[in-house]
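Right, I'll just put the structure down here and ask away after.
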Amino acid sequence: MPELIVSPSPHIRSDVSIEKIMYSVIIALIPTVACGVYFFGTQVINIIVACILSALFTEYLALRLMGRKFVMDGSAIITGLLLALCLPPRIPLWMAALGAAFAIAFAKCVFGGLGQNIFNPALVGRVFLMVSWPVEMTTWIMPFTYDAVTTATPLGLWKMEQIATPHINLALGNVSGCIGETSAIAILIGGVFLIAKRYIDWRTPLSYIATVGILMLILRQDQDPVFHILAGGLFLGAFFMATDYVTTPITREGRIIFGIGAGVIVVAIRLIGGYPEGVAFSILLMNAFTPLIDRHVKPRVYGIKRKKIFTSPVDR
Amino acid sequence: MESVKRIVRISIPLILICIVSGATLTVSNDMTKGRIEEVEERKINGSLSIVFPGASFNKMDDYYSAMINGEEMGYAFVAEGSGYSGTIKTMVGMYQNGTISRIHVISQLETPGLGTQIAEPDFTNQFSGKRIEDIRLRRDGGLIDSITGATISSRAITEIVRTRAEEVMNETR
Amino acid sequence: MLKSRSFRAGIHPPGSKITAGKPIEKAKIPPFITVLLHQHAGAPCKPLVKRGDEVKAGQKIGDSDSFSSAPVHSSISGIVKEISTQLSPTGREVQGILIESDGRDEWVRMEKINPEKASKREIIARIREAGIVGLGGGYPTHVKLSPKKGKEIDTLILNGAECESYVTADHRVMLEHSEKVVKGMKIIMKVVEAERGFIGIEDNKRDAITRMREVVEREGDKRIEVIPLKTKYPQGEQGILVKAILNREKPSGGHLYDTGAIVQNVSTAKATYDAVYEGIPLVERVVTVTGDVKEPKNLLARIGTSFRELIGECGGYKGEVGKILKGGLMGGIAQWRDDVPVIKNTNCILVLNRGKSRTPEERACIRCGTCVEVCPIGLIPTILGKLAVEGRFEECMEYHIQDCMGCGSCTYVCPSKIPIAQLISYGKEELKKRAG
Amino acid sequence: MENLLAIAVGAIFVNNFVLFRFLGLCPFFGVSKKTSSALGMGFAVIFVMTCASAITWLIYTYLLIPFEIKFMRTVTFILVIATFVQLLEMVIRKHNPSLYKALGIYLPLITTNCAVMGVALLNVEEEYSLIGSVVNGFSAGIGFTLALLLMSGIRERLELADVPRSFEDLPIAFISAALLALAFMAFSGMRL
Amino acid sequence: MKLDELTKGVFKYNPIFYLMLGLCPLLAVSTRVDNALGMSLGVLFVLVGSNVIISLFRQWIPPEVRIPCFIVVIASFVTIVDLFMHGYVPELHERLGIYIPLIVVNCIILGRVEAFASKKPVSHSLLDGIGMSIGFMLGIVAIASVREVLSTGAMTIFGYAIIPIFTETPATVMLLPPGAFLTIAIIMALINYKNIRKERK
């Protein structure tokens, strides 16, 4: 009689693992990456590789310093990849790599590594670069013009010169912009794949995009909301960054609030803010609100009548 | 009676300290007053002489008239307005015919390294010799090249300068 | 067919009901049995026999003065060998009576009762005397059928959900003893004066739903209805079942009686039938022996038979054994040894080989929120788990730790393989200790 | 008449007192471990900043300017604020013990809170009107409370996190503040 | 013995890294080293002056009104600094802006006056003031040099280039608030790391 294994129930676990989720996200990003390479040339691949390698190396180094085990769970790859996707296609490689390193070191590892960070590392990396090197971060090129001919993004054109870009170009991605935020369709394919696999919650992207559309419809009669939904990084942000588990609310109710809040901020930045685009900032700001949302927005507990959604901390 | 005594005992040192402090500060103020006024004046004069080198100035209502060899050359005035973040304050020199002589940014709070370039000669020199109606960004139909990545700051300063210049032109006409 | 009713959240573990099509087989009479004196929730029994006594099958050999307890009976005829401390499949050490079979299988029965004529009190007394406890949960049935004054019961729900993987005991009982189940149900309805009765069956047991419907129709009782339920775990949990069928909720911190409903297992109804109509006490039950055994079966086993005996009857282990569970994959209790006896609520003996028994490596929580999504109660399991680990039990209360029913859905779905349910139950235990 | 909405948005978001002007950092890091105390502190600061803005403006306009002793503003402002907070504490303690329990413990901390002094000085520097000063003071208080609340939420969550030892407590709070400030860059250049 | 009063403020009880005082000016004016130097000289003057004066008159100040008295003394020194800076170093004065009058609410000063000068003799208070100011200066200059070097790619103190320009693309973020928080966080983490390693040994 071999010794029996005794462990508490349940004795079966689902086959979903961190790796499975992370690598699915990477697979979901393939169409977007392909579009980026197609429109902006092979330099894009160098940037992506630089970001991923730098992210992995930084994570390895930081975990070693902290005396912890490095696990190839794919999260650092996602951070690097997502960061690369929201960089301009002709950014110097060292800058991209530095952004990834900063993101992993200061937005992830100092908080204790995977699962503990407050802010989305990729977006921290982007905003860090954006604030540090504004010129390089706003030098765009037209698709297929593989040498750097600077131009403005659709949102930039709209904000500065009130020129709208045709929807079909925005949907296909035949516009200037960050590597991964050009083709709305490619992003949508990946996003729908993840939703179908149930790896991300459809509520966040839906409430986020819908808020932007509806607010634009109400606030600006002269602007069509479809343009604002398709332009810029809204799709990339909504499907791949606002759905990041670690930095967004844990409850379904909270995720809807997160989406709405981020949508409001995007609209505020685009209409009255200093930047043409506000997706990265909106998600980062809502990341900061996430602990408060998590604390006060909880699902209704079985057997307890829902009285208030928000329980003021003074009550306790 | 006791409480009155106590109040007196407590308040007298405080009052004394206040008096001494007031006296010291008045003395210091008197000592520095002249210099501070001089400093403030120099700031204005400094920028005045940048926009019209070698000229002397007469203060008018809200602008200065610039005289060279006793002859009125043009006007110098401060143009103020909100930029990308915070107020941009510029000294503008303008010839009587409505051509800009020179501008000088007195203070601004733009994004460091980006918007702050509006204060640098590479940018401000563009204004020299331009007519009022041309003080617009190229994309707005003017002759000023905006700074890459800092369109808002560039546009803000051109708007500020042009609006004020137009005002002064109307006043002096 | 009506739309299946359900509840929010929940999970879909693999069914693995490999014994669903296998008719109940009578197990061999074992050479000896161990009748534990504490097989139920409530006070333990005191032995009524002593070493060397001769006993018959169906003879009461242990009882307690306490109301919330149920007597135990010998399930074979033989001689009492010893009364000593035994390991119960629940993991506790309790007193047990070891009886060696004389091979004759002589029975004593109680007097039959006609439930039409008998009073409520008589029937409840009989249910107690027969040692009937909930064959799913192990709570003495007569206690459950005697709600405190002022609690109006209007509905009886018969639990045929059997949402656990592998377990098919109730399923087979419903197929093969349908009449007895319905008759037993009517007895219970009479006792609690219920106006309505529902039999909730998960829709992966279509044959059982059809069969039960036929029988109910034949009985011609308009009060009873068979309700198909969505196949989902933990459909068979009492509170969840009441919610799914009646859309009523057990108030937090309250009792199921507050919903006006009582839930009984289908097998309990059958046992009630046996006790009342036939005068047979609860001495045997259907046990699904399944998993990595050579030939999985539904066995009608005498209570007190050792697990090893029953596994042997199914051809023994297939491959190297890793875990033996009393119960299904989700809620089963892992056993230290394979010679523990079957007790009244042992519905399943599940053998898992080494490969399936491995506990996966625990990783950091990535806050994916899946546990929140599946929690049928609406808790935030991962935060509860973290707070419990940190020893911040007071804050656990703010997150309603007491409402957790320990279904384990959170642990099942966790991609980081954190044993969340275990952490929460640790927190609950600690809080209980503090409360005194 | 200044654009009051612009003043408010400026003080709450664009030039958030804590994250951009670095005013009130001591309570920002000191009282941000629990959301409940952060909220209490926030309310106390909002109240004091609003009142202090009004009082210092009145004193500056009707006392310091007429007597041409503008150079005395630092001395008078700090004295007035300290006295006001002291009085407020005594009044609340006497008349509303429950409010005192909720806010009173934070009041002494506010005396040397540079945010209050800072808002009084800024009102004078920016030459706001009385209403403008009050709006500025109130909004600055709101901005302070917002930052404090966000910070406390973050720190509460970090209590369950596995922060490396060297970064425990204050360093990680500073890092969080850095990232929060980075996120607040969103508002730079925002105009109404 | 007396030397302790001087050195404790510099190292053991450094007002910034150990006592966590004076954060607001520390982060606000540490964008450039010369700002930092100017600010710390102002603090030095105010702190030493207030420490000495308060220590001198400590017997005469009634405990009930000691805080107002301290505040008046401190505020007077601050105003003097403000006025003279405006007159003699106008550029620095403009860059430091409202952070000069805000020295008055710098917790280091009130803290030292209250905890030390009001109880100790003049000579001790003088040394304490100097020590604490130097401690403050060390902290703020350290942070300012990191920020200036990284954000401008060079270091210039009062017009003299200490470190020549070494990069055309410096990180502007270090000039902005996030850079300030980041710098102090890293410095503090390094100090903690050192202490932890010492503990282990």
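As written, the chain order gives the labels A, B, C, D and E, with residue 1 at the start of each chain.
By definition in this document, a contact is a pair of C-beta atoms (placed from the backbone, for glycine too) under 8 Å apart; a residue touches a chain by one contact, two chains touch by 3 or more.
Here the structure is a predicted model, which means the values were calculated and not measured.
Visitor: Give me the set of chains touching chain A intersected with the set touching chain B.
Guide: Correct list: D, E.
Visitor: By the contact definition above, name the pair with the higher C-beta contact count: C-D or B-D.
Guide: B-D
Visitor: Please list the single chain whose C-alpha centre lies closest to the global protein C-alpha centre.
Guide: Ranked by how close its C-alpha centre lies to the overall one, first comes A.
Visitor: Could you find the chain whose CA centre sits the greatest distance from that of chain E?
Guide: The chain lying farthest from chain E is C.
Visitor: As a test of understanding: of all chains, whose mean C-alpha position lies farthest from that of chain A?
Guide: Comparing chain centres, C lies farthest from chain A.
Visitor: Cα centroid separation between chain B and chain E, in whole Å?
Guide: That pair's centroid distance is 31 Å.
Visitor: Would you kindly tell me how far, in whole Å, the mean C-alpha position of chain C lies from that of chain A?
Guide: 47
Visitor: What is the distance, in whole Å, between the centres of chain D and chain E, each centre taken as the mean of its C-alpha atoms?
Guide: Roughly 21 Å, centre to centre.
Visitor: Could you say which residues in chain C touch two or more other chains, in rising order?
Guide: In chain C, 364, 383 touch at least two other chains.
Visitor: What residues in chain A touch two or more of the other chains?
Guide: Each of 106, 110, 113, 116, 128, 131, 134, 274, 294, 316 in chain A touches at least two other chains.
Visitor: By residue number and range, which residues of chain D touch two or more other chains?
Guide: As it turns out, chain D has residues touching two or more other chains at 71-72, 75, 162, 167, 171-172, 175, 178-179, 182, 185, 188-189, 191.
Visitor: Over in the complex, which chain C residues touch chain D? Could you list them?
Guide: Counting only chain C, the residues touching chain D are 364, 383, 386-387, 390.
Visitor: Spell out the part of chain D that touches chain C in their complex, as residue ranges.
Guide: My answer: residues 159-160, 162.
Visitor: Could you list, by residue number, the parts of chain E that touch chain D in their complex?
Guide: Residues of chain E touching chain D: 20-21, 23-25, 27-28, 67-68, 71-72, 74-76, 78-79, 82-83, 97-98, 101-102, 104-107, 110, 173, 176-182, 184-186, 188-190, 192-193, 196.
Visitor: Contact residues on chain C for chain A in the complex?
Guide: By the definition above, chain C touches chain A via 11, 13-14, 165, 239, 243, 249-254, 320-325, 327, 329-338, 352, 354, 356-357, 359-360, 363-370, 372-373, 375-380, 382-383, 398-400, 403, 408, 411-417, 419, 421-422, 425.
Visitor: Which part of chain A faces chain E closely enough to touch in the complex?
Guide: On the chain A side, the touching residues are 95, 106, 110, 128, 131-134, 136.
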